[in-house]
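Take a look at these structures.
Presented sequentially are two complexes of subunit A, the first with subunit B as partner and the second with subunit C.
Right, the complex of A and B next:
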């Protein structure tokens, strides 16, 4: 019975998302444009390097990685910071606070319908196209199962970070700058814009100790490796899980403390 | 019977940054620690019984919304106690949320892009309403207003009146013990206003729901409330039967006239001419608050017509603002 209220939020999210057909089309077109730019950019990079393999990745490795990273981004990005910032600014957050639900889960499940829609409208088609075009460069074995587990955790870490940043809006009352900053940091340090393999040392080592690489780098690494060492898989998943817990605790505590500020000092 | 809502000496203070003027001031504000304390609600006590409709009035910024936010559990009072149906709302927000319904006239809690019936289904699951009471409630709604055409319309396609109506229905859906209506008739036309008043009245009768209504429209109050509470600058000015207040103000009418010439100067002259009544002026109107027990409005108008060239006139019931001003000047109780 308890699950039902969450799933019905998911259902509503799906219906809501399907109302905006045009926006889905625009997203798909925007991505094609972005991927075209990425293609030529990296082609130029590889051409100027003079070798076929840069940092252990061939041109097609890099391209597959980036295409899938973009697809993953479209699927996982929740725009939580926007949503929270807007509702804090306009005071509409009060409507979320008077629901008989934890605002954190309420917001997450309200958005969850988009995961379903975006998965089928962007990630899955991209994945299939990549599989066909590259003639099996993407392995299709147990790695898919690891990938699914990994993505679920990535979504949670991503949401926790977003929620944390969104909570900052209670103090700053502005969203734009914070959101941009968050996006740049997350996309860069997670390996969504440039594969982490290309990072120079010691920057590369540092990113491995940060939670961000668990969002994009971890699931993509698991997906693209057809015959991984079990110890590697274990290490990646355990790291992700640890970050899940840590970010969850931190963002929850921060929200709790900040909510006091709303309730004590008014919105 | 124990009261459903009990407020005991509730005070709410906000800390506000003292803003300075100009660019330089704004820059200095960035590092300012210069806060002042604003007392939004000042030592209010009130107890409300199950099934009452109470009108909660006051000018803008009087502290009405703050009080309501405290009762819904969104704000915590600085001092004093609130209990809503036995629980303290700001410590048990989720539990309290199950027992209350809220409508803010200015914003909608419905899902913008969904047909109304989908919003209702969502609320059904969120508030964990069983099938039977849900169906009964929809049947009741259908008997009160014709909701069938609204159910399949998305909220963004609705007119303001339809949306407000839907929001009110949504607030009553889980059969809450208390419903807070914050300016529900704001911006609506006369027929929609009356439709909404009838609806609120019927739901209150049918479900014995306690309704707390804030409004600027004396018409709402007249149509719905037996009891009113008036608050200004955070302090409770009046909390009693509406009859009591009507006995006091029922004979007052506001006569508004528009004339050629400077309203301010003419208002001075009228004030001298009619020393019994309060006269005020703005660019549009000169307003005279006439007590009909002393002098008929028509006589006052006749008297004014002799000395001034009246272009236009209006006759209004006494407004909330004037009631409050009167209470200040003369006191009731």
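Right, the complex of A and C next:
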């Protein structure tokens, strides 16, 4: 019955989200507006370049890549660092520590309801709009299955990194600064702001050795390639899996060590 | 009640500012990390820009240094909103918790008192970054430097900064009507990123929206034309100071309308 207690947290999260219908509407509309801006920006950029293919990416490739990166970002952003930082500052973290559940899992599963809601409210509509706008430039085949597997691992890597960064708040009691640094580094090096294919050479190779590209670049690369080589798919998925394990171990260890240093004022 | 003069407000502002800086200084680590975070954001923005222009030498007839000029210009004109109006981000939690009522009982202008409470020093890093970029672009383009040019630049920078302030005021004031205004505020904040592109790349509909409804084209594009393309300055450029003032005034009225309607939470 282990799964049941987690799923009840998911259910609570869904119900909580559905209470804020107005903000959901704003998110959906804001997202569409944002996508339109991105569309015109890149259209103009490609129009002034003179060629159709830049760095092996056509206009629709770039558009799909960036738009879905944004959608994935909205979908995966869990504000873990904010939540952890705030509860460390206020001392409310003690309530999570005495729960009969691992605080790591508790935090993750309380948020999982948002995954479900965000998937239907932002990711899916965005995906459909992109498919229509690019006239079927998104290949619909086995790559979708790879994509799903890849996104699940991306969520895990993203959460592990977030949890690691959130733990730093125990030492610094700074939230904004830590969070913005994490966000900037992850978004740039994962290819969410500009596709990694556009990076100049030494920079590009370096990002490939970092865990961040597994968050956005890996699933999107898998999605965009309709007829991939099995060896490529294997390589990407194995890399992601390796990063999953590595980031999990590191963030767990760091949390364990840091927990001894935690100070709660008053309580 | 006698109307208080400008000197009175200036004296009060300095006093409140001193208190704010004292309280910030008691969290030195946080201040230090936030400053680094801000610098990281600017560096990442610059890297994105640089990567983009390595792949595409010009966008809609705007070359690298001209775009750099726009970029620097937008960074500077976005500084006042960061430094002086950062308390807008906390408005919704004050309104939600009921603490906002404390601002209503002061015998000074409500808007002024609320905004003066926080001064965000880390915005100054952005200012330095912006000035550096602008000067570099200025020299590379080979623009002449005369006192008149400097005067024009300063006037247009100040009025351009009013636009973003107006957008943020209006976005944060929505919390007087809806519970969670974070997403609206966040959306307004995200539009800021598009201020650095020439508005001509957008389709007529969006050009209209970005000029008259969400006037982000006035943050950098229209005012910059006065300096970059002095031969073909559209009327809108000359009007931009007026538009800045009008939008600021409108947002102030909107903000105050919401604030005066505020009933408190009863506690």
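The rule is simple: the second predicted complex is superposed on the first by the 262 of 267 C-alpha atoms of A that agree within 3 Å, B and C clash if a C-alpha of one lies under 4 Å from a C-alpha of the other, contacts with A are read in each partner's own complex, and residues count from 1 in each chain.
FYI, a contact is a pair of C-beta atoms (placed from the backbone, for glycine too) under 8 Å apart; a residue touches a chain by one contact, two chains touch by 3 or more.
This structure is a prediction, so every number in the text was calculated from the model and none was measured.
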* **Which of subunit B and subunit C A:5 touches, first, second, both or neither** => first
* Asked: Does the superposition put A:16 against subunit B (first), subunit C (second), both, or neither?
  -> first
* To do: For A:185, decide between first (touching subunit B), second (touching subunit C), both and neither.
  => second
* To do: Could you say whether A:37 touches subunit B, subunit C, both of them, or neither, answering first, second, both or neither?
  => second
* Asked: Any idea whether subunit B or subunit C touches more of subunit A?
  -> C
* Asked: Of the partners subunit B and subunit C, which touch A:262 in the superposed model: first, second, both, neither?
  -> first
* Should A:173 be classified as contacting the first partner (subunit B), the second (subunit C), both, or neither? -> second
* To do: Applying the touch criterion given at the start, work out whether A:98 contacts subunit B, subunit C, both or neither, answering first, second, both or neither.
  => first
* Just subunit B (first), just subunit C (second), both, or neither: which does A:55 touch? -> second
* **Where subunit A meets both subunit C and subunit B, residue numbers** => 20
* Structure fact -> subunit A partner, complex, touching residues on subunit C are 27, 29-30, 32-38, 40-41, 44, 47-48, 51-52, 54-61, 178-180, 182-184, 186-187, 190-191, 194, 197, 201-203, 206
* Taking the complex as given, what residues does subunit B use to touch subunit A? -> 12, 14-15, 40, 66, 69, 72-76, 90, 93-95, 97-98, 100, 102, 104, 107, 109, 111-114, 118-119, 121-122, 125-128, 154
* Structure fact -> In the complex, subunit A touches subunit C at residues 20, 22-23, 26-27, 30, 33-34, 36-37, 40-41, 43-45, 47-49, 54-55, 172-181, 184-185, 187-188, 193-194, 198-200
* Asked: What does subunit A use to touch subunit B in their complex?
  -> 1, 4-5, 8-9, 12, 15-16, 19-20, 90-92, 94-95, 97-102, 262-267
